[in-house]
Amino acid sequence: MEALKQQVCAANLDLPRLGLVTHTWGNVSGIDRQTGLFVIKPSGVPYDALTPETMVVMDLEGNRVEGTLNPSSDTKTHLELYRAFPQIGGIVHTHSPYATAWAQAGRDIPCYGTTHADYFYGPVPCARMLTQAELDLDYEKSTGLVIAELFRERKLDPVAVPGALCRCHGPFAWGKDPAQAVYHASVLEECAKMAMWTLQLNPEAQPVPQYLLDKHYFRKHGPGAYYGQK
Amino acid sequence: MEALKQQVCAANLDLPRLGLVTHTWGNVSGIDRQTGLFVIKPSGVPYDALTPETMVVMDLEGNRVEGTLNPSSDTKTHLELYRAFPQIGGIVHTHSPYATAWAQAGRDIPCYGTTHADYFYGPVPCARMLTQAELDLDYEKSTGLVIAELFRERKLDPVAVPGALCRCHGPFAWGKDPAQAVYHASVLEECAKMAMWTLQLNPEAQPVPQYLLDKHYFRKHGPGAYYGQK
Amino acid sequence: MEALKQQVCAANLDLPRLGLVTHTWGNVSGIDRQTGLFVIKPSGVPYDALTPETMVVMDLEGNRVEGTLNPSSDTKTHLELYRAFPQIGGIVHTHSPYATAWAQAGRDIPCYGTTHADYFYGPVPCARMLTQAELDLDYEKSTGLVIAELFRERKLDPVAVPGALCRCHGPFAWGKDPAQAVYHASVLEECAKMAMWTLQLNPEAQPVPQYLLDKHYFRKHGPGAYYGQK
Amino acid sequence: MEALKQQVCAANLDLPRLGLVTHTWGNVSGIDRQTGLFVIKPSGVPYDALTPETMVVMDLEGNRVEGTLNPSSDTKTHLELYRAFPQIGGIVHTHSPYATAWAQAGRDIPCYGTTHADYFYGPVPCARMLTQAELDLDYEKSTGLVIAELFRERKLDPVAVPGALCRCHGPFAWGKDPAQAVYHASVLEECAKMAMWTLQLNPEAQPVPQYLLDKHYFRKHGPGAYYGQK
């Protein structure tokens, strides 16, 4: 658990370094699938005050198991995503501005190029708005459930599409561990930016053809991958 | 008063650090409601030359009570806002570029998402243009009066909507103290940016539904707030 | 002349610090009106290699009076502006991206707000394209002559409008000395940026009314000025 | 070969310094035309872990001649460009965001101004999309062949037009050596940015007239060049 706290703390500190957050507007968590416990940033604490000791440990029933600070106000969303997507090991939420603009516009981010195709196998989907009933019942829990519903209904694999937009809110991204979740959040922001500019230059721009999407995604993922060092 | 001078000086220094000002184009003030005196940046002095001793102390009749430098040329606007909004303790004016673009476009900034809803309970309103008569009489004083009129006519609570745009000019923001005023100025700029991009992606974008606005604003404000540490 | 060389060198070093140049794409000069000699950046030398000793001294007939390096390739443009505008003491040319985009679009930058009105008394004018004959005769000299023609034909005062755009090229700005010229170049870039965003938000945006332009400009300039410290 | 490794390593390190890459999304190579060997960045290695020793040496048949790491996944594209363009000595590939947006929009970057004309003699061309057959056969090799085809069909001189866009992918740029290739990549990005903004300000913007293109390009290139120090 100490190693995970260090990883989660380090991943949170990467958010301002990568330009993904303003003020305290972002949080990273990581889960230990063996114990079923996850570690998350405390709520509203500035990044430069974070240490592994300030991290909060939660179980998947939503109980604080360790730590004295309140966990991130988005904790229940993380929890529902860990439940819905057993393959993932880390989650990040930010209000990074380009991805948030797409979320506020209520649009999926189309896959316009290889930068996107290298990490997201298809568009970054935008979830529907919560109903008032869902929000009144439990806002943060419902946010996670609506993302899970989105992946279920569209038959998306959360490993192949490691992020989503929450309508009128902002992006969530995830990965096999906290560091990869943050990496995916930064890819998502960069692709959101370039997709917006692509549309400015060509409002009729088309997504990459399927064969290019397949090529780039599987060049980096799966048994035939040949990017990087083995 | 020395403590307030330090707070106001520190808040002014936050402006360049947060990327809210170019050159000397911004100023922060703070008020001591007990004595009715407020402290404000001197006019045209570069931020790196500011010290608590260079701050200017004014009374609400517009007399300089302490300090040898001229106060900010916007001093009368600050003064009128302190008179009109007795709940506030700090004010900031900048020409931060995204908020200024909305002011120059003469448009309210709609509340398109939760980033905005967390701090501004509804659109950031844009005040009307001053008439020539108002300007000739007293430009800076009239600027403050027109913002006060805007809040009166639209029945806005300056605590729930801690900022406004001056038509063809730029933003003013405020808060319970100088530090919070600067925080709100930076939120306003970030939301102005994301709202512009939202419109580029979806010219028909709609503001958040009322229930989402309520949820986010009251998650952080009022008796039921649960964001951050208590 | 040594003092002027230092001023011109320092002003050139301000260009990268203010984010106005990429690579070596900008140059500043300053003139000593008593001797009629002006000092200018050497051509193609990186900013971090500039020292006062590397500056080149020219007379207004275009002869190199001092220095061993070639002067900026834009030297003849500076020369013609010094001849046409005897009130000015420093000139800067950059390819700063927002101002250059307006120049490439072939449009004056309208005065949409007080940031602009504080320093430029009206739109930043865009000069016409050089004819092929003008270009073949002497490109850099003609560039200066076309700017001078623009101010003559539109009856503009180069002190009140301290800059212009060269069609398909980029901005020139000037001032009473090299430091003020650079300050005006940075104002021009900031206003070019905000004016572009203003148009995105409101394609029908109108320039500020004349009485607001007068107020802001004369608040900072002329006998009734009251901005800053005396 | 050691000198070339150092040059290639240094040129790779310039990519993040010039803001041209996010994460590991860019690579530079350089060729020794006498031996026919080229040096290229290893695949997926972070820039701050690069040293001359980690560089990979390849021959033009695609064999690794020196080095223990895998070469960049784009190596075959570099190889085909070295074969097709015998005049060039260095190549760079990035996903720099403005150039990538043009590539994703599938548009040539028009020459709207002198910044562009100083380095690219005409538009930056956008190559066609690879067919599925080309991609299946050999994606990276085909990418190089399609760029070569583009220059052949449009009768472009790769020295006068030192870069191109790969449809739905991003830019390649080149030069006489690795350092100049990186310089051209940064010019390409800056011009891509300004061209996008030019179109926002004037959707009917026209490229520079031929005589201005000639003037600027030949002011810096060829026997009559007079920019910089001899």
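By letter and in written order, the chains are A, B, C and D; residue numbering begins at 1 in each of them.
As a working rule, a residue touches a chain if its C-beta (ideal position, glycine included) is under 8 Å from a C-beta of that chain, and two chains touch if they have at least 3 such contacts.
What you see is a predicted model; the values in this text were computed from it and never measured.
A.B. asks: Would you identify the chain whose Cα-based centre sits farthest away from the centre of chain A?
C.D. replies: Result for the farthest chain: C.
A.B. asks: Call it same or different for chain A and chain B: same when shared residue numbers make up over half of all numbers used at their interface.
C.D. replies: Different: fewer than half of the residue numbers at the chain A-chain B interface appear in both copies.
A.B. asks: Take the average of all CA coordinates in chain B, do the same for chain D, and state the distance between these two points in whole angstrom.
C.D. replies: That gives a centre separation of 46 Å.
A.B. asks: Rounded to a whole Å, what is the gap between the Cα centroids of chain B and chain C?
C.D. replies: 33
A.B. asks: For chain A, give me the residues that contact two or more of the other chains.
C.D. replies: Those would be 200.
A.B. asks: Should the pattern of chain-chain touching be classed as line, ring, star, complete or other?
C.D. replies: ring
A.B. asks: Just spell out which pairs of chains touch, all of them.
C.D. replies: A-B, A-D, B-C, C-D
A.B. asks: Given the complex with chain A, which residues does chain D contribute to the contact?
C.D. replies: By the definition above, chain D touches chain A via 22-23, 25, 42-45, 69-70, 73, 95, 97-98, 100-107, 129-130, 132, 135-136, 139, 168-170, 196, 199-200.
A.B. asks: Which residues of chain C touch chain B once you look at their complex with the stated criterion?
C.D. replies: Against chain B, the touching part of chain C is residues 112-115, 183, 186-187, 190, 193-195, 197-198, 200-202, 205, 208-209, 211-212, 215, 219, 226-230.
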